[in-house]
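In the two assemblies presented below, chain A is common to both, partnered first by chain B and then by chain C.
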Partner chain A sequence: MAVPNKILGIYNLFKQFSSRDSLKWATLRPVLISNRAISTSNPQRGLMEFFDDKTNWGANEIKCGRSWRKEELRLKSNSDLHKLWFILLKERNMLLTMEEEANERVQVFPSPERLDKVAESMENLEEVVRERNRAYHELETGETGERPGKLATNIFGLNYFYKMSEHVIPKYMNKTWRKKYQFFKHDPDVEAFLVKLRERLYLNKRRKHTRDFNHVIGLLNRFPNMDMEALKQQYPDVDIERAKRSRKYGGHFEPK
Partner chain B sequence: MRISLSQFARIGKWSKQYANLPERYIERAMNQVYWKNPKGPQYKPNAVIQRKKFYFGVHRPWTMEFKDENQPGRYHPKVFVEPVKDWSYFRGDRVEVLVGKDKGKQGIVKSVIEERNWVIVEGLNCKLKNLGKNERRNFEGVYVQQEQPLLVTNEVALVDPSDLQATPFEWRFTEQGDKVRVSLRTGRIIPIPKSVEETIDYKSKSTYKEQSKDTTADVASEITFEPKLCTFEMDIMDEMGIKEDRLPPKTYWY
Partner chain C sequence: MSTRWYPIYQRGSPQLRIFLPNFWMKLIKPTVDQPSNLVNFACSMEMTRFDMKNYLEKIYNVKPIHIRTRIASGKCRRDPGKGYIVKNDDIKYAYVTLPRGEVFEFPDIFPNIKEQEKEYEKTLKQSKQVFDQFLEKNKERREMPGWFTF
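This part shows the complex of A and B:
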């Protein structure tokens, strides 16, 4: 089979490198005596940990539960979350490897929603960790302790959220930063562009309104016994009385 | 900002309930992005060209049939869908068919397609479909019965469980504050069936069979959190015995 050969190849490559560098590293690296020598994690399978269990190879469907929710993660201690993060990371690596392998062999990757479940769990976990850190920083310093940012206007006059970054020298000394991040300054060309952009946005909005208005007339014509409240709920911007006054409303017959 | 397809297409809660798939996967599966601006100051952020109009038929958005119906360049005539305030027809409901050759018969709702106001009733309103007809090989094909969707607005009616007759109904609140469907003819509550919770993975949450990689319920609900006056990183460093007493140099945020 191609997969084990490929893995064997990668493994040999690693071995080659490690054997070549081992002498050099042996003198440089201090010997670490860790108090965490006894590992409770699963038996190591080396590079095969990037692949799914062999029983799942070629399966049509691999069932699994839902993703971790925030309220469940809030119950867990920091070290549990830390462990869970790496479990999820390994799982994601495994899934991405399997997906890549399936694509390469033109096969179906079974249950692709697993990737989304893992991603959702990781997003939730990160949010819970940040929540805890925010709480600590707000209590101790009165600030969130997150990466600061602000609303800024870029050189084309468009607003965006600028994420600040940490520098060792102040702004006035940092020539490269000043060159890279240029913010909005008055410019007649940009003003002209912005006028056109706003016109475009306004036209899009008006077209949407017209489209909805005509759609409501179509609905009124097709479903005369329609629930008007539901219609108002779905199209709150459309004036239904005005739609009924339109010449497009009603059939091609003489009114009574 | 994540570009969400939900601004363009709405997939009803009850149409995806049975499949038990994460929302994110459904979005990813039906998304058709033709162009996305690269990141960079010279590009407009989040500019994307993608399919906005989707045709919703009986096939679910994550299936190959849906992809086939909505393949790039394939468009369908506009469908007008009557707005409905509260969705009231669920999987497992007993309904009476009001139109077609099965008019007057009662059946159980098999699946719900909210995007089109449709329900599919088990074994009713069927059409014969020929499968595998091949003239070259002189094969007549096989006929199968296929249930056709029915509109909830005027083609089916809910059945009152007290007298097993079709009835008009409305949503009302009980004294406990629960929202229930009430039969207008008899005033009895039409209970929402248990099979609403059912998904392709389990009949009910309590009978779910745990898979090898699932965290068991007792482990998931175990409380190991202890409030401490430290950040996540401080706690982990403390636990691993990492000591950090160097003072960071002065930095500037901008």
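This part shows the complex of A and C:
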């Protein structure tokens, strides 16, 4: 009896200090908490968990809710998220199995959007876990704790994001690493290649500009009363005043 | 047990723990007759047979006694529109043996296929009948325009 009395005492103490928040503290009322939490998971069905509920076999449409949103997942505890992940994982395996079987039998797989919903939920869940991880690491170590990476230039002079990883031995001893990851060094052939690449990119850009310019003139000819604001928004690079000064603008008739 | 990036393991470091594994496995109907305690799976390409054992034991509470894997090469085919050659993805198959005496039979997911086919045939027959009646009615009015028929 000693322990409940103690809890009651603490509870009364709180109640005295915060009469305004009495409702809030009411939740602290000592209650006997049962160890057996209510389980909502499926009973263990072994390999039959790879298949949908028997009532859904051969159905044309299976109704289901939407995917989990990030805001909802942010409210959940870590252990809840962990449990939910495995539920989603099992659901995905089940859907993949059913899809495969439907394809095999040349039948319609009912409600294929379920796969997308599960994928989206898993993506959101992972993002939320990542957020928490990042926050924890930043608080404890001042770093994000994510896999480090940096912009690097490969042997052909092109930039890419190099994901760093841990190695047992240092770089200068690591033959395989040096062979696999070769970064940019000055090389006349690569320079020549880059000049040509940049030329190609520049020409593509210029041709796109010309194409858009001519297209805008065509649009102005066909639809003289069109919404100019919308046109400007869609083709921000095109100077419409200049397009109107072009000789291609206007009909093939003598002006009055 | 997943495709995520883990810190390197060296002797003496704490054991790597898997949180949120992202591997998938799908149960597949066997194409040939096989023992009743053998189950076929297709799974993520990165999975090893140890991964599969852990996956089935920890997540599905199924205890396999033996696992074999193979990688089936995807078929090369010509793209129907463009004509270039496309290779389908490779698939990793796993053959999981359950303990002696355990039986797994792949269930029939589409139990009412035959009924549906029967119904389809019935409607086909009905529409054929209707068309025959139409022809019978307009026997005397051959090669008449459509608005002149019954």
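Quick notes on this one:
The definition used in the following text is that the second predicted complex is superposed on the first by the 216 of 256 C-alpha atoms of A that agree within 3 Å, B and C clash if a C-alpha of one lies under 4 Å from a C-alpha of the other, contacts with A are read in each partner's own complex, and residues count from 1 in each chain.
The definition used in the following text is that a residue touches a chain if its C-beta (ideal position, glycine included) is under 8 Å from a C-beta of that chain, and two chains touch if they have at least 3 such contacts.
From a predicted model like this one, the values you see are computed outputs, not experimental measurements.
With both structures placed on the common chain, the touch criterion links A:E126 to chain C but leaves chain B unconnected.
Of the two partner chains, chain B and chain C are each touched by A:H82.
Comparing chain B with chain C, the partner in contact with more residues of chain A is B. By the touch criterion defined above, A:G250 lies against neither chain B nor chain C after alignment on the C-alpha atoms of chain A. By the touch criterion stated above, A:K171 is placed in contact with chain B alone, chain C being left untouched. When both complexes are overlaid on chain A, the residue A:G46 reaches chain C alone and has no touch with chain B.
Touch criterion met: A:K90 reaches chain C, while chain B stays clear of it. Overlaid on A, the two complexes show chain B and chain C touching the same residues of chain A, namely 82, 129, 165-168. Listing the residues of chain A that touch chain C in their complex gives 44, 46-52, 57-58, 82, 85-86, 89-90, 92-93, 96-98, 100-102, 104-105, 107, 122, 125-126, 129, 147, 163, 165-168. Those residues of chain C lying in contact with chain A across their complex are 5, 7-8, 10, 19-22, 24-29, 39, 42, 59-62, 104, 107-113.
Chain A meets chain B in the complex at residues 35-36, 63-68, 72, 74-82, 91, 112-113, 115-117, 119-120, 129, 132-133, 136-137, 139-140, 145, 148, 154-155, 158, 160, 164-171, 177, 215, 218-219, 222-223, 226-227, 229-231, 233-235.
Residues 20-22, 24-25, 28-29, 41, 44-45, 80, 82-85, 153, 201, 208, 210-211, 213-215, 220-226, 228-233, 235-236, 239-241, 249, 251-254 of chain B are the ones touching chain A in the complex.
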